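Shared chain: chain A. Partners: chain B in the first complex, chain C in the second.
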Partner chain A sequence: MRRRLPAVLLLAVLTLLPPLLPERHLATFVLLALAATVTVGVSLLMGYAGQVSLGQASFYAIGAYAAGLLAVHGVPPLLGLLAAPVIAAVAATLLGAPLLRLRGHHLAFATLAVQLILLSLLAQADWAGGAIGLQGIPRFSIGGFELREDLGYAYAAGFVLMIAVLIARNVIESRAGRGMRAAATSETAAAASGVAIGGYRLAVFALSAAFAGLAGGVYAFYLGYLAPGSFPVLLSIEFVVMAVVGGLGTIAGPLVGASVIVLLVQALNTLGTQPGMPGYAPAVLSYAVYAIVLIVCVLYLPKGLVPPIRDRLSVRPATPAPDHV
Partner chain B sequence: MSDLIGYLVTGLGIGAGFALVASGLVAIYRVTRVVNFAQGAFAVLAAMLAASLLGAGVPHGLAELGGVTLGALTGLIVGAVAIGRPGTSPGTSLIVTLGLGVLAYAVEILIWGDQPRSYPGVPGVADLAGARLQAHYLLIIAVTAPVFALMAWFFTRTDLGRALSACASNRYAAQVVGIDVRRMGLLAFTIGGALGGLAGVLTTPVQQVTFDSDVALIVNGFAAAVLGGLTRPVIALAGGLLLGVAQTLAAGYGGGAYQVEVALVLMLTVMIVQAARTGPVAETAR
Partner chain C sequence: MRLTVDGVSRAFGGVYAVRDVSLTVEPGELRAVIGPNGAGKSTLFALIGGQLAPDTGSVALDGEPVERLPAHRRAARGVGIVFQAARTFHGMTALENVMVGAHATTRSGFLSAALRLPGHHREERHIRHRALACLDRTGLAAWAHRPAEELPLGQQRALQLARALCGEPRLLLLDEPASGLRAAEREHLATLIAGLRAEGRTILLVEHDVAFVMRLADRITVLDLGRVIAEGAPAEVRADPRVIAAYLGPTAENSEIKTDPAMVRPPAPRSGDRGVHP
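Now for the complex of A and B:
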């Protein structure tokens, strides 16, 4: 029961919170849950497979465009939403096969390059709306029931986040997860002990892309409009910031990191749009927050927010804290 | 034929900008093993300041010098934050420079706003073997060539430059003979900042600068530098020029559509081939 507690807690928050929120905060909730879903994948990738991806937003974009394009062409929205993670994962597998030979900063720049190429191609692709964007994506519906209100999308985003968290937790606790954790500390030692590193790295890359794709699918139906500009490089950096701030290699980390960053940026945004503030204030404040939180966190709190808090809360200090939450 | 010469010279001019960014990356990476993601921000900050100074009536030359000085100063600050804390690993420093690059956005928008900026360079059109091109490209090439010669002289003929090269080839041995490795790292960051700033002030008259043009600069610079494994300045120079020419040719003959992809695909191919030839990169100590 003890190990189920966090999952039950998360489920309770995701079901009980949305109806209590005023309408104008529901949009924040939806985007927060979607960002957290992507960040769960980024955290898996960085914490367990030891890979920095500066292009995670490209899989978010691929998922969103996949769902959006299918829906625009008359495919049932549910089918489009289910296809989004699959298409993102397939794209990640195809890209990952050559790219995952790279390590460290090489991989970081390679993923960044992939995103820049994708954005440039999308801007030139007339079949995907080009630079103007893909318009007229229908609302999400199952059977005859159409999801119109923000509240419905809050539940959809929460559901998607729950799926990502459960899958990530089960992967971490599996045999493959232990192998990956070993590989993140020392690849040579793990390989010598018989861990199939290449396969695992590719699998985690594809899985993290699937999470991003699924979140992207919900995003497409929620906004009803997609443009290359919705997925800037900065968005990928934001996911990295959230993962690092929360704490890599934990399940609670991405949730805490995404919440802290999104709420902080939202609060500063409200402050920046107050009457009397200059027009550039929101942009300046949000860039400054991302930057300062990232730098301070990496230098002074390298494990992120979650592990220190967890250690302090640990009821049984005699035994080492479990690696999952 | 005259088209070709025009594209080539224009490409060399653009490529010289990439080469300057790339050589800044190399200067920093050799000494500190840090890939400096904020390298593009040096160029943007320098260009913005130069534009402001020119707007305030400061003559050409002096304004650009001010920009380069700001670049060098920013380089020093970035270095101090990125490697100032003892025990910061290069991977951590990369993330820190990434954060500093984003912080630069905030500063740039705060001071200069988010609109593109530019200023006039060398006016007029040059006629070169029948090809007509903006005369400013010739200035870029004319400034970049002596800068690279000066760097070659500095790194091989002066004590300070040799100390930097010593840190690059063996940090431990350099420490043993009494070189302050951390101070050399900061010096490398300052040089990198100045080179990035120079790239910015030189290319702005032919290419507008916005607060987020640093992404294109850093990616092209990295693409040029990675050809030589991030450690060989001469190959970084060649790589930058090659990229510039390849992009201009792709834009000239390909109708301007796919010039971004040329550099990026080239970079990916080079890295993958390098990784395949050397096998997995050696593990970094943690």
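Now for the complex of A and C:
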């Protein structure tokens, strides 16, 4: 029961909160839930598997474009949405096969490069709308029922987030997840225990891409319009900041991190658009927040927000010192 | 499981760490590999475990060559490894660490975990059950739910052994398991290893501490400068003049045999052994 409590709490928030929110805040809620979904994958990748991706928005984009293009060409939206994570995961597997030979900073830069290449390819791809963007994506619908209101998308985004959280939890507490976490500390010892390191690195990369792709699919139907500019490198960095601020190696971390960052950016945006503020204020403030939050977090909360809170709340069962060795 | 190492060499930057080493460990045998620092023990260990590939020569398990197989594939064939350094997995409990050891003999992957497919829970229970038994056997039951990195060094080493045992190895490779342990811990370890041998597991024990292996090993292989210089029963090896010269050096007064408190019978047995030796 103790184990289920966080999931139940999350479900309650995702179910009860949207109807209480004023219409103008629903958009924030949708984008927050989608960002959190991507960040769950980033956290899995960085916190549990010890890999860094500075290009996670690429898979967000791939999922969004996959769902959008399929829908534009008349494929039922549900199929498009289901295809989004699969296509993102396949892309990650193909890219990961060569990329994951790299480690640490090298991998981070390589993923960043992948995103820059993807953005410039998308800008030139006329079949995907080019630099102008892909327009006329129909609204999401199942059978005859069409999602028109923001509230519906709030539930869709919440549903997608819930799936990502449950899958991440299931994976972490499994044979495969233990192998992946073991490899993050010692690849040698993990391999000696029978963990196929290369395959596992690829599988985690693909799984995190699938989360991003799924979120991207919802994003496509929600906005109905996609352009390369919707997926800037800054977005990838935003996902990493969210994961780090929330706390790597926890499930709640990405949720807390995404909430804090989105709300902070939103608040500063409001502040920046107050009368008397210069026109560039909103942009400067929202860029600054990533830098400041990340620096403050690394200096004072190196483990992120969630682990210290969790440690304070949880009463660890007292372990008696063993009387023999 | 029979381990056959045949003519194995491995050089680093033109210098041979292991040169033309051959040895056969029969099923159920406890073989010790000893030698002074730099003798090539750790390199040989890595060549058998799969952390290194040999330049030439072959390593075979039950007659099947494995020298080109990566470590995880060798683990699947029943090789369990205890490294010299305490390579425990951080951010995981002692129990989870040991559960990783079951990897080689279990199957469920990411998909069955993500979707909680049937069979997942059964296998998970099975792994947990086995891991708890291994923790119990190595005296770590009380530490099961503690983060592995919080365990004292002696317990971290025991944890590695528990992890290796969880894979139900048929060939157990131990790299200096006794180094850094206190006398009581060493005693406990010796009993444990003897018990594993009695179960019929093949064990290769690489050890710096001669006294520790003398009473445990069936046979001892002595390495010096990357080559095998002697092989035989403990009594034979101890009396071998080449071993004494290479391992103990000309000034036997400073040797580990004498300074080691666990070796309580230095002069008498040695003269006795000399009598038996041809």
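Note that the second predicted complex is superposed on the first by the 316 of 325 C-alpha atoms of A that agree within 3 Å, B and C clash if a C-alpha of one lies under 4 Å from a C-alpha of the other, contacts with A are read in each partner's own complex, and residues count from 1 in each chain.
Convention: a contact is a pair of C-beta atoms (placed from the backbone, for glycine too) under 8 Å apart; a residue touches a chain by one contact, two chains touch by 3 or more.
Since this is a predicted model, take the numbers as computed values, not measurements.
Novice: Could you figure out whether chain B or chain C reaches more residues of chain A?
Specialist: For chain A, the partner with the higher number of touched residues is B.
Novice: Is A:298 in contact with chain B, with chain C, with both, or with neither (first, second, both, neither)?
Specialist: The first partner, chain B, only.
Novice: Between chain B (first) and chain C (second), which, if any, makes contact with A:249: first, second, both or neither?
Specialist: second
Novice: Tell me which partner A:188 touches in the superposition: chain B (first), chain C (second), both or neither.
Specialist: Both partners.
Novice: Should A:176 be classified as contacting the first partner (chain B), the second (chain C), both, or neither?
Specialist: second
Novice: Which of the two partners, first being chain B and second being chain C, lies in contact with A:16: first, second, both, or neither?
Specialist: In the superposed model, A:16 contacts neither chain B nor chain C.
Novice: Is A:313 touching the first partner chain B, the second partner chain C, both, or neither of them?
Specialist: neither
Novice: Just which bits of chain A does chain B share with chain C as contact spots?
Specialist: 185-186, 188
Novice: Under the stated contact criterion, what part of chain A meets chain B in this complex?
Specialist: Interface residues on the chain A side: 52, 54, 98-99, 101-106, 108-110, 112-114, 116-117, 120-121, 124, 185-188, 233-234, 237, 240-241, 244, 280, 283-285, 287-288, 290-292, 294-295, 298-299, 302.
Novice: What residues on chain C touch chain A, complex-wise?
Specialist: 49-51, 70-72, 75-76, 79-81, 83, 87-92, 96-97, 99-106, 108-110, 112-116, 120, 123-124, 127, 139-143, 145-146, 154-155, 158, 160, 163-164, 167, 184-185, 188
Novice: Could you please specify the touching residues of chain A with respect to chain C in the complex?
Specialist: 167, 170-171, 174-179, 181-182, 184-186, 188-197, 203-204, 207, 249, 317, 319-322, 324-325
Novice: Mind listing the chain B positions that touch chain A in their complex?
Specialist: 35, 81, 85, 88, 91-92, 94-96, 98-103, 105-106, 109-110, 113-114, 212, 215, 219, 222-223, 226, 257-258, 260-261, 264-265, 267-268, 271-272, 275-276, 280-281, 283-284, 286
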